[in-house]
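These notes concern the structure reproduced below.
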Amino acid sequence: MGSISLQNVSKNFGGVTVIPDISLEIEDGQFVVFVGPSGCGKSTLLRLIAGLEDVSGGVIQIDGQDMTRTAPAQRKLSMVFQSYALYPHMSVRGNIAFPLKMEGADKETIDKAVNNAASILNLTDYLDRKPRQLSGGQRQRVAIGRAIVRQPKAFLFDEPLSNLDAALRVNMRLEISELHKKLKTTMVYVTHDQVEAMTMADKIVVLNAGNIEQYGTPLELYTKPANRFVAGFIGSPRMNFIEGDEAKKMGAHTVGVRPEHLSPSKTEGLWAGTVGVAEHLGSDTFLYVHVDDVGQITVRASGDVAFHSGETVYMTPMDGRLYKFDAQGQAI
Amino acid sequence: MGSISLQNVSKNFGGVTVIPDISLEIEDGQFVVFVGPSGCGKSTLLRLIAGLEDVSGGVIQIDGQDMTRTAPAQRKLSMVFQSYALYPHMSVRGNIAFPLKMEGADKETIDKAVNNAASILNLTDYLDRKPRQLSGGQRQRVAIGRAIVRQPKAFLFDEPLSNLDAALRVNMRLEISELHKKLKTTMVYVTHDQVEAMTMADKIVVLNAGNIEQYGTPLELYTKPANRFVAGFIGSPRMNFIEGDEAKKMGAHTVGVRPEHLSPSKTEGLWAGTVGVAEHLGSDTFLYVHVDDVGQITVRASGDVAFHSGETVYMTPMDGRLYKFDAQGQAI
Amino acid sequence: MARTISTRRKVIVSAIAWLIGLTLFFPILWTFLTSFKTEGTAIAMPPRFLFFDWTLENYQTVQTRSNYFRHFSNSVITAVGSTIIGLIIAIPAAWAMAFSPTKRTKDVLLWMLSTKMLPAVGVLVPIYLIFRDLRLLDTHIGLIIVLTMINLPIIVWMLYTYFKEIPVDILEASRMDGASLRQEIIYVLTPMAIPGIASTMLLNIILAWNEAFWTLNLTTTRAAPLTAFIASYSSPEGLFWAKLSAASTLAIAPILIMGWFSQKQLVRGLTFGAVK
Amino acid sequence: QSLTIATVNNGDMIRMQALSPQFTEETGIALDWVILEENILRQRVTTDIATQGGQYDIMTIGAYETPIWAAQGWLAPLDGLGGDYDIDDLLPAVRQALTVDGQLYAAPFYAESAMIMYRTDLFEQAGLDMPEAPTWDFIADAARQITDRDAEIYGICLRGRAGWGENMAFLTALANSYGARWFDMDWEPQFDSPEWNEALNLYVDLMTEAGPPGASSNGFNENLALFQQGRCGMWMDATVAASFVTNPDESEVADSVGYALFPTHNNFGNHGNWLWVWSLGIPASSQNADAAQQFLAWATSKDYLELVASQEGWANVPPGTRTSLYENPAYIEAAPFAGMTLDAMNSANTSNSSVQDVPYSGGQFVAIPEFQGIGTAVGQIFSAALAGQTSVDQALQQAQQITRMEMDRSGYYR
Amino acid sequence: MATQQTQTAARLMMSPAVLLLLAWMLIPLSMTLYFSFQRYNLLMPGMEYFTGLDNYRYFFANPNFWAALTNTLVLVGGVLAITLIGGTLLALLLDQPIFGQGIVRLLVIAPFFVMPTVSALVWKNMMMHPVNGLFSFIARVFGVQPLDWFGQVPMLSIILIVSWQWLPFATLIILTALQSLDEEQKEAAGMDGAGPLSLFFYIILPHLARAITVVMLIQTIFLLSIFAEIFVTTAGGPGVATTNLTFLIYIQSLLQFDVGLASAGGIVAVILANIVALFLLRIVGRNLDA
């Protein structure tokens, strides 16, 4: 009941084109994540869907209906903002009840719906607190509560976890995933954190400068990036790219290999280089290796590998883990 | 030229003891990181060294001289604040030049020193901008520039990276490490991010409630944590702790094992459990496994391991990777 | 800086601050004290500070001359009335300026402020003629209109700077939650801006209370506020220091007390965006 | 029914207000009082009456406004004061000042001329003897002798505060006594005449040497206060002040005040011709003219005088309006200044105030509409001269120039 | 925040305020403009006629005009100087730990609530009165000849009275700004070796710039039209020593009832005010953008 379809949507702000021309189909019940570098237009796209900005061209359909010119209030979408945007003067109950109150629901309906949402989100004990009395994670849940209370056609999330600290982020990530499993409502989720994207999404949209670079499942993006941009964007630490002669040898303009797909050795391998910095995290070791004619290459090795700054290291890419790109950056 | 020595330093704020009694020797040229949970007294300790707070007891020596009662300006230390505390109305040049101007240096000296600092930090092109026209990373560098321009005895950093986004953090981390290699000045660095601590430090001080839990190199802390607190604090994801019968069997009050030291298997192993969530990051897979009588256990497996939610998994700790603690939490 | 501050320093600083504070407050205190003296004691040399025969006579005299309570209630009605009407007009305008700014927003704001620079005396006759024809002379409504208009720019500006601090997100959230613009302003913006609105209200009540040109020239009896009350004391008739003091005390006491009690709220919004 | 009355904040008016409940009781007519300082009052009522604002039923106006306003048709004629009002009892000078074309337009509440009030004790100390009709030479001399700055005693207090009704009232009277005039018969201002020069020099010198500090901001009220506190040796001002300075409740020198006629110049017997009447008028636009006349009749009647006398004593009745008052032995006894006041009133000739011919009427003012503005502007210049900011010559020159310009602008020379 | 809908709504919601102010400004202003071309004296009704620019000629020919202009600037400038410098110092003082801080604060802000008329009356009669005032008493205690405030230093007296009223306002805003200065910035400057004076001039004062501009703007708006204080104390004198533009127009319109001339003066004042406004608001506007 919540498919979203964008047809040739474009947006410019006073002359500057932010989104040139995007078409995208989001199926009902899917969890779609928008990722992309800062300023690529993720938030703008989300806000166009929400109706908080007018499109400059194209059509937005929600549930098959043309909603291009409909006011946000009428689109029946729920949005969770990065800052949560809780109403500071209302209690948790008031916050969650607000959308229903605006719909003019009667008190009983509201109470039931609020209690239900609160119990889903473990907020029952906090209903009478004000937002400022809550921790970051609880605030986050209130924002979600406000979104789920009126059964919207879809949820829109704009980097909802970026204000949380690392530990809490992991928890909330899990909670949102579980919520999606429970509610089965379409969710559109913007983030620039790849771990979130990879772990939560059914499908990921990779945006770059207002264009869709690739649209697919997380594993597709990881294993079969459509182009160099996606390959570089997905995966952490970043994929190593090798250009020039070394790449030509392999029949490509650029060759890419992920740090985790390079086996380091003290004795032999395809490429030889000098370790610049070796970061020992205990569990892993990241080696930043300088290879002549190729540049810096990052290698992820296990925690007990004992390479030190200044040593020579040999690296070999694992089988089938080499990506090749042409001069335009398209995968070959 | 920049050893710092704390002897029985204590601090209380109007009755509340924040630091009961700390002694610590920091050798000249070392990069020492203070880590610990929020509120454990890291910043306080740093501010005591800086002279921004008076000690309640004990002696602080810098370079062998007693500086306990010396004003901050006279200690010849440089501090980089979490908020950078740049002077918003001065240009980058003005900010960097400020300490020299206060010393009464002549214009030529100042110019030379500022240009030098700027070139070390890649700020030459931004010298005439105001702080608000800079990105987070650039601001950070200006703050460091202001610190290095007058060759202090030591640098003090209070969570300087916590305001940056993840990608920038990695870069700045490397830059600070390289700066340290270049300048060889003593650095005292406060953070609550363990990756920073592990990768940058020569030595780490783990603080807890104002006490030093352990003082050693990063690998020492990872491989030989002195107690359960350190073991749990260092390493990500967190070490799994197993108590009760299972631990007693192994002759300890608590047994700890890191997620990366558990080998998962579909067929056999020491502990059996059900997979709750499986997060596929491409490079790694995190399994959150529920084990009866033991609780939730996190396992880090390689990216191509194919476990799914609901499946049964068997896990075995790797050889020599089990940590045992007594009832007081001390390592056995 | 949290280095320990010596008590000696604190004592010295306190002494200076108290001295300055008392000096600044002295004229008011002196007025208050004089209002309880007889006319003779009021001009006695050397001046008497606390040791004199306290009397309420002046207050009685002042009250027989003009009905203080009528002037007082007129002051309250017009000051509060104009402030409330001003807020009702200014809140939407400030919303528009803060949340839907255009290139001209700043110019409009500055223009509004510049209307406050018009010399009131220059337009008294035209206004008087208009008010006469509209039968607004000596009415609460008339005075409220004038006070509203002269303070509106300040109200708009204060609210504007205050609203600008409110994250747009929250208003957008309410829009997503199905609130109409009206509901957005009533249920979300206004309650969130209560401290700012309160401060704006207070400042404007003070300004309206103390406005002395229009209130004096456009009223006679029915709507005359305390500024008119004091106008009959603005020149001595024989010995009048004590009576003047009593009238002055009566005229400023209500607003002074209100100001003191609400100074925290007042200060919060008084900064016109000057503090970031 | 209720009347709105605008009045000035001086003692007699405030007393009238205090007594007015009696009127309300008698007639059932309620009264709303607007009591304002003189300048504000004048500004308020003039604006109102000129724009037909209709805010007041009764206005307190002076001898200056009444004829001008009446000629404009702004005032209602007082033809309903009632039979027992005894209009013929009004002092002729007063009645004439308020009458236009034979019709009375304002009811006189109190009237005043100017005279000298002086401290008999100080004169005695100094071995001086005040004549009945002193000359300026004597006054100047005496003032200098009495002055004792260390004891804060100043020989003479005169008006210095700028304003046509403040310093210019005094200065015009002074100039009149010196034989100076405002305008010649062609309406040419006469500040360049030697008479003005002499008069103003006397004033400035005398005040600098024997006047109180801050004289340039002293008006009637300020001087009254100073005199009451015993700071002044002499004070030349409105006769109405006499009852205040002799009131022991308010004045520390009540029992040592003497009186003399306004001084003259050696050569002429001109006492300045000061005549002022505070009176009550009714705007033509008033809806309550009948009730208003009723009030006027009450407030300016003989009965009112008796009422005040019965409550406050005879010395405090509003003076200067009725012949009968000065024939009342009770009053003569209670008010030692009564005789002197009557003499002063009678010696005031407002139709020809200077010894030279003048085209205007009015004693200490010039009864033309432009005078308010001109008088105020000239008053400012002269107060600057008093404060030492300009020289007397400069001041006179500026006064001449400004007056000439204003008169030109008003079309007197066309 | 930029849908067509919200923009339209915004325009609608702004219009009442804008239209009302426009009416409030334009209607009297156009009447004033009309009167300024008329020979129109309230005291001589029925004799109005068109005089062209006569009123303006007279207004500028009046030597007092230039004096009034200077006085206006001196008054505004003097009060601004005193309140800004005094306010900054006072704010620095009040920012320190003090015994009874709250009460001192109340004492300091009190003058802001006092009606201008009352404050002028009190100062004139009870403080600065050359005979009965407290100042003259104090002077005499020290054996000094009391100063005749309004006679000898009239403008200074007015500036002092007005400054007394506005000092709290300046202090409050500057104090609030001072308290918003990031503690870490001060600490950083301390670590960088800045002493108290350097700290003030290099760190605190620049931080206060914005607050000071705002104080300047608001005060200028109110100070340009100072009236009651002058009316009550010196009535513009002695001479024209304390006549500012407002008071000059007052003399013309309400003492002479020369509406034509006063209207011309009003128009001139409007133009001058707008020039000031333009300068001031531009500067401030720029400062407020950041």
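Every chain is named by a letter (A, B, C, D and E) in the order it is written, and numbering of its residues begins at 1.
Note that a residue touches a chain if its C-beta (ideal position, glycine included) is under 8 Å from a C-beta of that chain, and two chains touch if they have at least 3 such contacts.
Please read these numbers as outputs of a predicted model, since none were measured by experiment.
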Practice prompt. Moving only from a chain to one it touches, give the least number of moves from chain C to chain D.
Written response: 1
Item to complete: Could you work out the angle of the rotation that brings the CA atoms of chain A onto the matching CA atoms of chain B, rounded to the nearest 5 degrees?
Response: 175
Discussion item. Just the chain pair, please, that has the highest number of C-beta contacts.
Written reply: C-E
Worksheet entry | Chain whose Cα centroid lies at the greatest distance from that of chain A | D
Discussion item. I'd like the Å distance between the centres of chain A and chain D, where a centre is the mean of that chain's Cα atoms.
Written reply: 90
Item to complete: Mind checking the centre-to-centre distance between chain A and chain E? Centres are C-alpha means, answer in whole Å.
Response: 56
Discussion item. Based only on mean CA positions, could you tell me how far chain D sits from chain E in angstrom?
Written reply: 36
Worksheet entry | Chain centre separation (chain C, chain E; CA means) in Å | 16
Discussion item. Please output the residue numbers of chain A that touch at least 2 other chains, ranges allowed.
Written reply: 52, 71-72
Practice prompt. Would you mind listing the residues of chain C that make contact with two or more other chains?
Written response: 1, 43, 124-125, 129, 172, 231, 233-234, 236
Item to complete: Mind pulling the residue numbers of chain E that touch at least two other chains?
Response: 1-2, 42, 132, 187, 190, 254
Worksheet, complete the sentence: In the complex, the residues of chain D that touch chain C are 4, 6, 9-11, 14, 17-18, 32-38, 40, 44, 47, 51-56, 219, 221-222, 224-225, 228-229, 244, 250-252
Worksheet item: Can you list the residues on chain E that touch chain A in the complex?
Response: 1-5
Worksheet item: In the complex of these two chains, what residues of chain C are touching chain D?
Response: 39-40, 43, 64-66, 124-125, 128-129, 132, 137-138, 216-217, 220-222, 224, 228, 231-240
Worksheet, complete the sentence: Counting only contacts in the complex, chain D reaches chain E at residues 39, 43, 46-47, 50-51, 68, 72, 152, 161-163, 212-217, 225-226, 229, 231, 369-370, 372-373, 376-377, 380-381, 383-387, 389-390, 398, 405, 409
Practice prompt. Report the residues of chain A in contact with chain B in the complex, numbered from low to high.
Written response: 166, 174, 177, 192-193, 195, 198-199, 218-219, 222-223, 234-236, 258, 260, 277, 279-284, 286, 288, 300, 302-303
